[in-house]
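In the part that follows, the structures are each spelled out as structure tokens.
Two complexes follow with subunit A in common, the first pairing it with subunit B and the second with subunit C.
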Partner chain A sequence: MGFLKKDNFERDAFIGLIVWIFLLIFYFVIPSPGIHDIIQKVFILGLFAMSLNILIGYLGLVAFGHATFFAAGAYTLGLFLQSSIVNNLGSLSIPAAIISAIFISTVLAAFIGAICIRLKDIYFSFLTLAFQMLIYSIILALVSITGGDQGLMGGFPKPPFLGIDLGKPFDFYAFTIFISIITIVLLRQLIESPFGYGLRMIRDNPDRPAALGFNNQRHKLIAFIIAGSIAGLAGSLQALLDVGAYPEWAFWAKSAEPLFMILLGGMHSFLGPLMGAFIFEILNDFVTANTRYYGLVLGLVILSFVLGLRRGLLDWLLIKFYRK
Partner chain B sequence: MEIFALFDCIITPACLISQTAGGLKIGMLLFLVASGLTLVFGVLGVINFAHGALYMLGAYFSWQVMSITGHFGLAVISGAIGVGIFGLIFERLLINKVYNSDLLVQILLCYSVILILDDLVMIIWGDEFLSGIGVPEVFQVPPLFIFDAIIPPFHIAIIVISMIVALLLWIIMTKTKFGKLVRATAVNPRMLEALGINTNVIKAGVFMLGSFLAGLGGALAASLGSVVSGMGNSIIIESFIVTVIGGMGSISGAFLASIIIGMARSFGAVAMPLFTDGIMFLIMVLVLVMKPEGLMGKKK
Partner chain C sequence: MKKINKYSRRKFLKTTSAVAAAITINSGFPAILRADNNIKIGVPTILSGRVAQLGISVSNALKMAVNNFNNAGGLDGRNIELIIRDSRAKPDEAARVCRNFINSDKVDAIINAEASGASFAVQEVVRESGTLCLHTVSETSRLTADPSIRTWNAFRFSRQGIHDAVGSASYAATVIKEKGLKTWMSVNPDYAYGRDSDDTFFWALEKFAPGFKILGKGWPKIFQPDYTEVITQIAREKPDAIYTSLWGGDLVSFIDQAALYGIFKNTQLFAINLADYTTMSAVKNLPEGLHSATRYVAAWPNTESNRNYDKSYTDLYGDHPTNWSWEASVGIDYLISAIKEIGSTDNKKIAEYMKGKQKESFMGVGEGNTVKIRESDQTIVDYSIGWGTTVQQDPYMNNIQAANWSTIEALENEWLTDKGWL
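Moving on to the complex of A and B:
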């Protein structure tokens, strides 16, 4: 993994802090709400894509229902903040809501994951897709709770906590990026740990770790649960940003988005999916500003990556300039 | 959930017959599309995510021919053949490059084609709903009444046409030389090549046949409803369900699964109107968990 070679928590945390401070300064240097919006979305979508890449890049499992957990996080956060619990918790509401969102998506990922990891290859992909669409159908059916196809409407309060008021753009920007960077630093610890290398071994040759006494299935399940919980966190941040949750976030097309980001950025470098999220967001912003035919442009870009570059941009750059 | 509504329907001949006929119509249309998907997967090993986009093209092609000639039969046939030819080009230009690639690469390639085609039809035909090609004059007659159940004759025609196509497909796959070559390609393409048979031609032929079926399904769907960009995005998921339930690569399995899904949709609309789609996904989950190879698929 290029310039961050070894697993070194202090250094990663230090780099994370520097990046965070840099982005905070950037906020005041370039006072454009549009650009700030893009940056916070890149981090939210980046978390979503990086969490999926635990399964795709490191484990070789093509999960096609990852938006399930994104939506679970988003709806949990929204329903939590709309409920009367907020009156009792007061300033603790937002942290409690985010923790519940992560908790619910973790539980859901444990349940769905335990069933899905028993299958391989395309069957695994289809089962994750089936569960996702089942959850989507449930969201649409439970109109009285989820608002059905309208989504979670009516907004929710965002009580300030620890002096952070997420109603203010700067606070939101700083908070979202801070949470994302912490998660990314922790995720890197996981990926560079013996557990993370175990995942790569299962991907490359599942028989070998099994012969060494590894419990492959347990490794896969833990990876699936962690991926789901991070996707839930990303979903809860997205819900905070949009002050709502929408059923499209649980639709299969939403699960294709992180796949695009992984493809665009690269699945074999740790920060590849984050770079993919950046390309995806920039493309989205630029193309929709200029033409109605966003799908046409995105489709052609994906096609050229699939058939032309054959790998993500960061993977390509690292191979070209860093690895010999 | 309105279980009593379902019970009431089953004991009432009118409701039972009309829901059964409706389920058959949905199921048989679905079979046309899903059989192409499962055929392509069984022989080429590619999950053609863009199959729904081909279905959409079939609807647009037939709409175009209908608006020029005004002839229903010609519109449907040219929709199907047009998509078959389009499929052949698609296979030669793109799909054959990913036969041996990872699942992820195949999915992304097909998905990019969906995005491109959805926008291209909007550029060519506009983004408004086009009001389908309608029902041919022969069938513009009062509906049949069977035990008080109202059944439009055209729905019966669609069921019969689809059944004939299913029969033809079965004959092609089991009784003809082409069918034998196709099945052999699915099992051992190397051996065929050693015997001097160009498997690329067979693969292209299978993809063309699969696309033809998607186009036929789309053209017939255009006679029942409107035509719009993105109309393939729900049929593709339903086709996946059928493919998985029937057993991936099994055409007879797809036939059985299409009827199951058609009935689940038709009676599900009575019992759980808000959760009709959910029933299909529940069946899909149950089949994958209990019998991943599908009802009629071969165990690996």
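Moving on to the complex of A and C:
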């Protein structure tokens, strides 16, 4: 167990495995599908928020159009599984659909990123938003392919693969959390790598890494592409959960959700956005079950975090109890 | 002094957060884990934002029926418990709310009161779970017309676009003959419902009164506050008639603004969604003689049972029912009858009971004032569709003509064949 003392891949993978096993046991100890639903949504939204935090927290770029890639992943997966390719691929359909979703989101992020990262500050933010609205309009316009504003209708098959049947609640729960944990572990290696520290340097003082011979633009583009591909993965998992994809996922309001999660959880700790997703999902579940004033409650909670803690919850907890 | 203020604020926020957390823990989770003997019905709907009236009028209608059932002793002492939640019109939220109804609240049935987009999301959830689902509100024909979307456990109790389109076109054809209307324009909201409504209306009008000319089409965005550009286009083209499927506040704004330009002096307006009390009473000076379908008015169908329904609802809530109310009322009425007759909440038995079931209803125009759940596509037919002209005071509608259901179904079949859905 000596490797646990080192901050490396083995340790993260081990912790990830323990968390996964713990959550699998939790599934049987607390047999409440409602709580299982919340947990898998937390991981999906957590991936979405963590991917955005690569840009916001580590690179200092506030992207307003991140849902573009979430929707791209969701629609790619949905359209793939609704197509006749499923008949030929059979049990390989789901892995192939997820890989396609990540691939399309990556390509889209490369294209949009190559243009957006040339700009800074509010100009960058609004250009990402402009691209998002462009994609949103395309989704609405291509009614025969995307279903327009009704979304992808009619569901799609989820053929079992490797003994995993995503139509079964437990399989879906275990699979979603497993994929999310793997992604989070890999993302942590990236963030703690020289590349990750390069991002922080660009955030803190872009002239300095440039003077040291860094290619800032290339770093930013790679970060943008990685963020887009993870958002695409999150979108594909969401589409699998809802058995559909909807244009609302490409609308600007969807991009605000991971921003809220980052605000709630904290942008300066790696797992802050995941905690934000947890708070967001619990709030969502609790507030919609008890009152219709969802916006008011969410606003008050964010206000109390911003004014009271002055940072996200995990950032605050770490400063208070750990990084004293 | 400054320091004291800062301390107090922090203390206040800490206390507030602690109280909020305590409330969350104490009242949130028990709701997830709650279970009892009631017959539970989950209702995903829209209770916030500009169309909150939708969720409110559906909830009112459902509560009225459920209270009557519970006060009469329920099913062997088992009461119906409505669990109504806001989806904020978001499809993924509607799906999540539905999954929670099914998984956590263990509902026996879902009465879906979502708009179109979210209704398709609800359909996918119930397709997977096999939970009995009664769609109210969504008027998009495809929800039940397209066989690939249907599922054995979902039934439609809401109007359907194609039915309304045929009823509208058949009425418009009589006005065309009477007034010699030749040129048309249309103003429809720029989303699926508006586009479908435009397509199907002119498709059906071509069958009844071919030879008209369309001068132009306006596509305002949903919830658009200003219609000047569409209205100036109408003023320029001077069509004999306008068809619109704008609804709610959008229709109110359009009529108010167009009336200022004197548009309705020489142009006949056919507004399919006007004759709903909440809409008509919101128009500042409702012009007389506008044509509208009877969404819901106490004057149509002109029967005692319909007037009684309006009175019971109005006495309870101080406001008239809406189109969404009658749809929810007919839906819950079917469900309650099924539960009473079968003596259980078995979803398969209830689904079998509903298929092809003809039932007396205040909105029924079938034989003996009945509506019917058509077996082939599990959708409501024989509900009242009428068109008439507006008057400024109650009953708001005059000269109402009933649509003929055999004509509607004949043309519906033709339309389904064109679409490849029959």
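Definition applied: the second predicted complex is superposed on the first by the 317 of 324 C-alpha atoms of A that agree within 3 Å, B and C clash if a C-alpha of one lies under 4 Å from a C-alpha of the other, contacts with A are read in each partner's own complex, and residues count from 1 in each chain.
As a convention for this text, contacts are C-beta pairs under 8 Å (C-beta built on N, C-alpha and C of every residue); 3 or more make two chains touch, one makes a residue touch a chain.
These figures come from a predicted structure and were not determined experimentally.
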Partner chain(s) touched by A:D165 [first = subunit B, second = subunit C, both, neither]: neither
Which of subunit B and subunit C A:L307 touches, first, second, both or neither: both
First, second, both or neither for A:G299, with subunit B first and subunit C second: first
Touching partner for A:F131 - first (subunit B), second (subunit C), both, neither: first
Partner chain(s) touched by A:Y123 [first = subunit B, second = subunit C, both, neither]: first
First (subunit B), second (subunit C), both or neither touched by A:G151: second
Partner chain(s) touched by A:L263 [first = subunit B, second = subunit C, both, neither]: first
Which superposed partner A:P33 touches (first subunit B, second subunit C, both, neither): second
Contact residues of subunit A, present in both the subunit B and the subunit C interface: 140, 143, 148, 292-295, 307
Of subunit C, residues touching subunit A in the complex: 9-10, 13-14, 16-17, 20, 24, 27-28, 31-33, 47-48, 52, 85-88, 90-93, 95-97, 99-100, 102-105, 116-117, 120-121, 123-125, 127-128, 140, 142, 146, 148-149, 191-192
For the subunit A and subunit C complex, residues of the former touching the latter: 32-37, 41, 140, 143, 147-151, 153-155, 167, 238, 241-244, 246-249, 282, 284-286, 288-290, 292-295, 301, 304, 307-308
Subunit A - residues contacting subunit B, complex: 56, 62, 64, 115, 118-119, 121-123, 125-127, 129-131, 133-134, 136-138, 140-141, 143, 148, 252-253, 256, 259-260, 263, 292-296, 298-300, 302-303, 306-307
Subunit B to subunit A touching residues, read off their complex: 47, 94, 97-98, 102-105, 107-109, 111-116, 118-120, 122-123, 233, 237, 240-241, 244, 248, 272, 274-275, 277-278, 281-282, 284-285, 288-289, 292
